[in-house]
Amino acid sequence: MEPPDWPERRDVFKLCSDALSLQEVVEAARSPKCGAVSVFLGTTREDVVNGRKVIGLEYQAYESMVQSELSKLSRVIRERWPHVMHICLHHRLGWVSVGEASVIVAVSAPHRRDSEEAVQFCVTQLKALVPIWKKEVFEGGQCRWNENSE
Amino acid sequence: MEPPDWPERRDVFKLCSDALSLQEVVEAARSPKCGAVSVFLGTTREDVVNGRKVIGLEYQAYESMVQSELSKLSRVIRERWPHVMHICLHHRLGWVSVGEASVIVAVSAPHRRDSEEAVQFCVTQLKALVPIWKKEVFEGGQCRWNENSE
Amino acid sequence: MNSKQICFLSQVKVLYFARSADLTGLREEPVSVATPISGRGLWVELQRRHPSLSALQGALVLAVRQEFVAVDDDQPLLLGDGDEVAVVPPLSGG
Amino acid sequence: MNSKQICFLSQVKVLYFARSADLTGLREEPVSVATPISGRGLWVELQRRHPSLSALQGALVLAVRQEFVAVDDDQPLLLGDGDEVAVVPPLSGG
């Protein structure tokens, strides 16, 4: 199948200090040319570390570099999965309470293998390469910078 | 990592003749114990078959068997991915216009590998084993029963 | 009928879906079958009633009490009154 | 200074993130560096200014003009006034 020539392909990347909207991310990724939208929603998990309860996360980013890294990532995705149509990624900054979404990624493609693989790759690379950091904040106010283990 | 003992695990399966709600499906799958929700949204693609334009799909199901097949499928998923928490699947019946969602599946898990693999497996098995059929309806009113090629 | 064979007549509910409903013009009908009967036997009986169904040959399965049964399966199934038998053309959900 | 070496002094903007901001007590500061300078050279200079940063040794990279550079990289980089150099502790986005 020849990769299609779609001038309307969209990349939508956003860092937000307010609650993320699943609807907004998925609407930005949907297309009448696509039968599949694969979505990943990362949420703050209830967690207890060494007996201390995590009450939320505090996110920080090197914002201008986030944009440039995500643009590079989009180019890599479009090279590996030329049938991918739209890519939309919203990431929270600042305070995120337990249970809230910290990141939502949606990718559309005519067929689901492409959207599934691309969204997974996108999340893996986001965690490995995009300059964002989170601090776990514990009950009582202590906190600790986190490190992605993948 | 020992599979957890979660009495609150949920399976939510629904066949609906009205528009599907992404929010509802994802909310049913979310859990404060889970850091990951993986979602698949299948939509009716703009398509032209032998020069005829598809304007929509008409879905039909063997409803009672859909429920029993989905329950079996949930048992298989929970055996293969014991860390999966909730599974929610909504599928449209009846008339679905081009661009609308025909199926939404969401799976939650503490970590994303489990939710990603389980949601993909769920969609593959849905297409292979769950007694639902769709008819492509063309401009001018002709129609044709479809067949999943996977 | 050979006097050594014991068989029963059960009235099952046959359900037609997708193209099989178009071919028979029916969504469901009651059918009397001699039981035990295999998947193969059911398919022969359904084709006898609706010769048009043979257009689906090679591309369908049956479901007996909501379990898939191949149309070339020779395993005898004991059917009771009201049991559901469904004609299952190729699936296309999702 | 050896008279054969030509070098320039540039004032770059150093950005500190996550734990490096806690260790230095700064989010950013102007730093004068002799350029060309390698990733290794930058890291030596930053540790000289903030000895506390050595707690991150082995677990960080730099970003120079938004491109990752290893702290043991010996490739000379020509920096201009206002160029951004960031201290990048282990990432934890997502």
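First chain written, first letter: the chains are A, B, C and D, and each begins at residue 1.
Everything that follows uses one rule, which is that a residue touches a chain if its C-beta (ideal position, glycine included) is under 8 Å from a C-beta of that chain, and two chains touch if they have at least 3 such contacts.
Please read these numbers as outputs of a predicted model, since none were measured by experiment.
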item	value
Geometric centre distance via CA averages, chain C-chain B, whole Å	28
Between chain B and chain A, distance of the C-alpha-averaged centres to the nearest whole Å	22
Geometric centre distance via CA averages, chain D-chain B, whole Å	50
Residues of chain A whose C-beta touches two or more other chains	42, 123
For chain D, residues that touch 2 or more chains besides their own	none
Graph class of chain-chain contacts, one of line, ring, star, complete, other	line
Pairs of chains, among all present, that meet the touch criterion	A-B, A-D, B-C
Complex interface listing, chain A residues touching chain D	42, 59-62, 64-65, 68-69, 91, 102-103, 123, 126-135, 145-148
Partner chain B, residues of chain C touching it in the complex	15, 17-19, 21-22, 59, 63, 66, 68, 84, 86, 88-94
Interfacial residue positions of chain B with respect to chain A in the complex	22-23, 26, 30, 32-46, 98-99, 110, 112, 116, 120, 123
